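Given below, in the form of structure tokens, are the structures.
Paired with subunit B in one complex and with subunit C in the other, subunit A is shared by the two complexes that follow.
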Partner chain A sequence: MFKKSLGRREMKARGGQRSFEVEGQRLSDDLQENIQSIIQSFVHTSDLGQREIAQVGTLIYLESLVDQDKIEKNILKGLNLSDQYLTESQTVDHLDDVITKMLNGFTILLKENCQIAYFFNTAGYLNRTIIEPSSEHIIRGSHEGFIEDLSTNIQLVRRLAKNKKLVVKYMEFGERSHSKVAIIYIDDLINKDILQELEYRLSYSKAGYIQSPGYLLEFIEDESFSPFPQMLSTERPDRVVANLMEGRFAIIGDRSPIALVAPINFFAFFQSPDDYNTRFFIGSFLTLIRLMSLYIGIALPSLYIAVVAFHYEVVPYEFMLTLKGTLEYVPFPPIVEAISMAIILELISEAATRLPGPIAQTIGVVGGLVIGSAVVEANLVSNAMIVVIALTAIASYTIPVTEMSTTIRLLGFPASLAGSLFGFIGIAFYMMFILIHLCKLESFGQPYFSPIAPLKLEENKDTFFRFPIWATKYRPSTTEVKDIRRMGNPRGWKKHE
Partner chain B sequence: MNEKSISLNQMLFVIIQAQVGIGLLGLPYKAQKYAKGNSWISVIVAWIFIQIFIIIIWMLMKRHKGKTILDISQLFLGKYLGKLINFSYSLYGVLVMSNVVILYADLIQRWILERTPRSVTTFLLVSTGIYLGKQNLRVIARFLTIVNVVLLLLFVLSFFAFSNNLSFTNLLPLSQSNMKEIILGSYQVTLAMLGFEIMLFIFPFVQGNEKQMFKKMTVAITLVMITYLYFAILTLATFSPEEIAIIPEPVLYMLKGLSFHVVERIDMIFLSYWIIPIATSFVIYLYISSSAAAQLFHKGKRKYPVWYISALVYGISFVFTDEIKIQMFSDFVSNISFIFIFAIPLVLLILSIIFKNRGISHN
Partner chain C sequence: MKKTVIFLILCMLILTGCWDQDLLKDTRLAVGVGYDQLENGELLQTTDIRVPKIDSGGTGRPAMTAVIMKSTGATPRQSRMSLEKEVAGNYAPNKVLVYVIGEELAKKDIYPIFDVLYRYPRNSLGAKIVLAKGRAEELISLKIVEEKLISDALLKIIESGEDDTFIPRVSVQSVCPVLFNAGQDFALPKVEKSDNDQITITGMALFSGNKYTGVDVTTEDSGMLLILNNEESKLTRFNLKVNPEEKRKTNQYVNVHIFPNKHDIKISVSKSNQVSAVVRIRLKVHVNEYALNNLSSKKAVESLSKKINEQFTIKAQEVISEIQKANCDYLGIGRRVQAYYPKTWAAMDWNQVYPTIQINPKVETQIIETGIIK
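Right, the complex of A and B next:
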């Protein structure tokens, strides 16, 4: 499956890539020289703190990153209490390591005539509290969301999945700003090929500054020129853990609340943790509604346009009269109406997102009510079109992952165009294009449109309907998990009644 | 897993999608010309013929594991004659594709888009065909599997046709056509069921043993036969013999007659969906044609031939525009197709049996 990548690996090892690495400089015997080289490394920055301790050495740290309290309480107290304190702490002997430690909020202790430096964790960050992510609200279930602190995020994951095989691998990216990234997976579930492919792709991710996992996403995703997201980005720990348990991996970056999950399939974007916290009738109903909204989101405007522009005869005569009545005084062709209305709607939603809460509501009123009714009264857009576009927008907002819902609305534009040019035929061809594309797409070598294509009937228990949880006894085979069995027979008691 | 390998069930659906296409819409009309009210018997007879063809293909491919017809032809007919055969298969693919495209453009113009130029509607089909055709076999098989939903849709829509006045007496008496007429009718039906020759090209890529494959191939053609039989009977019962003689697409006319409170003209909605089976037929022959050309000129890479073959087909579609020319071309393609689905495999099979020890795999 990954033959292609193996061949290229060698090329990279020979130095095909530009290396950002700096040659390592060791610490010297001289205390003052060491202090000077650290100051030099930080280009005489003003927030570099120093504190001399008699008979011991010099503490050096970045004031802005450390908690002064911790220095007082832990280090100074510890040094006073016993001479053995230092031996318990950890050491480094390279200048670069010293710098990296300091950038992470550590305090360094340098001693006279000593080629090693001691470091103490004194990091003092301010974190926001754990709240529910605003983009992924649910009704029932856990309301925890990731925050901007990596160790807290990993803690959230670990607390949900108490598993000794849960592996966290730290990696650092960005040469001008060391961003720590954690790769999380469950060792006895994930397929090794996928992991190998991930590490191989990440080995190319070299850049000066990696702001967020979003950078990494664009570096490692399979196909950049596809409208569909090929990695699930989520802020919910429960969603991450559920995916880890199906043999996927997650990437969480420090200072970012987003976790990227792959290899993912298309239908995962239509599932919400809510589905699994309610009984299966409701869960299935909601899943169906969302998949219906997928179709409405892409096709409804184009179908409407095709009907009024080409195929009058498809709808009954009375209905056609009603439609015609609203269209009578509108001077534009339906495609212009549709596109302009859709753009207005995007404007309103974008403006409402950027503005603070209370003003955003005003935008809703002004945009939705005032513009909506005004354009109809001015005969710029027909009533029917307003209904169609509003329905489409609402449908697209039901999709639980924002990226996918935006994608759906984006895909609606070419659909409208196809509908207005070629009627139903145009829509049929456009849908075919999308379907072929979905069949072709892969996420880390795994088919994206699974379990529909390739069709695996027994795995469709969670696609259109959410079958009762006890019916999904096996994990999806597309991630090629090592242990396919998810559960035993939770309803076994039924037999013994 | 090989990038090309497909599962048994995918093979089943590939065959179904290859067979079902534009032919179904006009099926009873053509068979009716010869077999009259007995044209539904012709469907069954055609199925028997196809079963025989399938057996020939299966026996040939079974003797040469891991080889497609392109390799086998060179094995027995020598380098040059073998290459000629392969080239003719490529050409055959081009002709069938052109036929599909021409009939499709004609159908669309008559039914949905009267004023859109044929070159534009053809372009839509060809470009979609290229996009799917240039993918590897696995992706093609995935797509061909899911689009079978359209066939289900056709069945669902057809249930509404039972609200028409159906007179099943049209099917009787059984003696209204003689054996010769029935076989002539079945010849027409066979033409509408072409496409199973894709097995000559994908046989080595299917995961499964020969017995299972034979079963699945039989299931595929039987399912197609049942579909065709069902629609033949339904249209024969819906329309009187006089009516059928003058309507070229009885299935569409049957749907056209239905109307509901929400939707009228189901035929148009249906026809829009029916684009998909038409496109899949196109893609199947694009696969045949391009893999033959790729083996001849591009060391097996289908990347380039997909483009120029499609361009060639697009060019050919401009030549045949009026009804008589279309009919002539269509008949020509139909007649030569028996060489490729029957004659060549049979000759190769006989050669393979005579020269037993040549190139038979010993695993």
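Right, the complex of A and C next:
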């Protein structure tokens, strides 16, 4: 499955890696010295809170990260009740660990003549409520979305999966910021090789600061120079769980509502949870529409360019006259028309994304109506080109995952270029190029374009059409799941009627 | 290595530029072309060019107009070259709808006109070919017919004629194999400019070899000829005089809509090398109009069927003798002789033999529908 043996790679990893780690400083016997070194570690920051407790020691914490109520209720009350409240299990003895704990909202208790520090979870964050992710709206189905709190996100996943084999593994990344990341998978489904590969790749992920899983994604994805996303990033717990159940893993970072799912295949980007909550005719129809929009999104502008610049014989006579009429007074070659219109469109959409709602609507009106009609009136762009670009944009927006939809629009630019240089032949070659790339691409060692390449007819029940759910009795084999059978025979009752 | 490859790819993309682009907006679209013979032996090319009207850019529906241009030359290509000097843009014959050939020109071998169409790849192979009574120039110079620009109107007229089984479906592409085939002749639709500046289909112009014979089959009979050659189209209707004894003229006729469902040509060669052919057709008949009788009884239907059969047989015999007289082997009997009796074929001069052979039409008719009145 993987090209090199893991053993050799591991050795290479240990030998060739520059270590970021600094030799940890242990806590000393002296209370004041310990407090001073903590203060120094935090460079005398003003939000460093201290509270002395008679006969016990000193509590030290970051005021901005803790909930004062929790300190009062949990620690002070507990300490008053009995000395047994302090347990050895909740201790650390390295200064670095103390700092890490404090950065996570823990409160540290330092005692005189004691080389260990006790910690208490007093984290007090403000979280936003669970709402539907604005980038992945659906009509029917769960409207839950991830939020910025890791434990809430894991809770959402666990509540949906309700599986004792669901494993959550915490990892920390970033030498200077300690971002917490959870890797989630279902132990009796996921292939161990995939997991091993993931851990191996993550072992290289050493950086000063890892802001979001987006950083990790770029560290561990197979091909950085591919236009296609090789990990599915989603804000929907139902999507994550559905993928976990097919033997995939998810990476969720703290303070980020995005989950990364891999190994993923191309067609997953064209599926929406909606499809599975409606009848399969509707689901299939919508999937087909989306795959059609994939083709429109990439090829329509280039086809139009190729037609008006090379092969106008292929369109019907009357339509050709209409095209000629609209083009007659446009001073630019079609490629300039197309690229400039596409850029205008991207500008409008980018402006509308950045601005608050009510102003964004104004942008839509100004951009869509005013620019659109004025540009045609001034003969800068032909009517037909406006239609083509608008269709392309709408088509690309139907793809449920934003990343893929932008990729599709991006792929349209070289296609237009190929169409304007070489006509239909250019487009054919460009499409072949994309297809070859897709066939070769891998996501964590698994074929990205499966089940088309390698072709597995049996598994094409959820690519172009969505077959009824009871027809998909087996999980996709590309993830090499341990248990291939997804369900028994849910329609068995039909025979016994 | 990698850098060289990238450099080469960049060169390919950047340096090609737009050298072989043929922008639609720069073209002058020729949509109808007419050829005539001039007295000095040169060709006269009359071209209908589609041009957007001035002020019709930007928003709104673009309006088109027809510009008629004339040029001369020894060959079609030469006349095109002289035309290219005049037109404002690239002369583009890739979307020609109709080629119109003048009567005078068609009487000579017409292949030299078509040669360039088959040689040069960007020609319109789907274009219709028609023969104009008189000169093609007169027809194309009409410019507007029935509120349509000339070539568009001509195309529509031809298409509806084809649908009604008046004229064969002939295009530049379809006529090509026949032009080269000694065992089969073709016919072109014939159109004429009527007195009130309209265009009408007058029938099929019969060709012998690649030359126009000067004989036409009128639209009355051309349907029969097409059926005999298994070329029926969407609608095949005939008005047959079945009751000549009736006083009122309206009562003499029956109008039928036929659906040919069997077609077969059998060739036989006797010991004395006499070629004869039997053309067998079976027609299913819908009676569309028959004022005399409502055909509710089986007997009436049977007697009508017999009369219809007679009329069809007479029609078929007439049209066959007509094409034999013109020496136009439209049914491709020569090709069949060539295929089944190659020795006989090699021994005779088909052009001499064809008018003398026996061709017997055998028509079977069956009335399957007499309409919704009972």
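Please note the rule applied: the second predicted complex is superposed on the first by the 484 of 497 C-alpha atoms of A that agree within 3 Å, B and C clash if a C-alpha of one lies under 4 Å from a C-alpha of the other, contacts with A are read in each partner's own complex, and residues count from 1 in each chain.
Definition applied: a residue touches a chain if its C-beta (ideal position, glycine included) is under 8 Å from a C-beta of that chain, and two chains touch if they have at least 3 such contacts.
Keep in mind it's a predicted model, so treat the numbers as computed, not measured.
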item	value
Subunit A as common anchor, with subunit B and subunit C clashing or fitting	fit
Which of subunit B and subunit C A:435 touches, first, second, both or neither	first
Spatial angle subunit C-subunit A-subunit B, Cα centroids [nearest 10 degrees]	40
First (subunit B), second (subunit C), both or neither touched by A:330	second
Partner chain in contact with A:273 - subunit B first, subunit C second, else both or neither	neither
First, second, both or neither for A:313, with subunit B first and subunit C second	both
Touching partner for A:452 - first (subunit B), second (subunit C), both, neither	first
Which of subunit B and subunit C A:417 touches, first, second, both or neither	second
Touching partner for A:321 - first (subunit B), second (subunit C), both, neither	second
Which superposed partner A:257 touches (first subunit B, second subunit C, both, neither)	neither
Shortest span in Å between Cα atoms of subunit B and of subunit C, once chain A is used as the common reference	5
On subunit A, the residue positions that both subunit B and subunit C contact, one per complex	310, 313, 422
Subunit A residues within the subunit B interface of the complex	1, 310-311, 313-316, 422-429, 432-433, 435-436, 439-440, 447, 449, 452-455
Footprint of subunit A on subunit B - complex, ascending	1, 7, 9-10, 108, 112-113, 116, 120-121, 124-125, 128, 131-132, 135, 138-139, 141-143, 145-147, 259, 261-265, 268-269, 271-273, 275-276, 279
Partner subunit C, residues of subunit A touching it in the complex	307-310, 312-313, 317, 320-330, 333-334, 373, 376-379, 383, 417, 420-422
Subunit A-touching residues of subunit C, taken from the complex the two chains share	13, 16-18, 20-25, 27, 29, 31, 50, 52, 56-59, 61-64, 94-95, 97, 122, 124
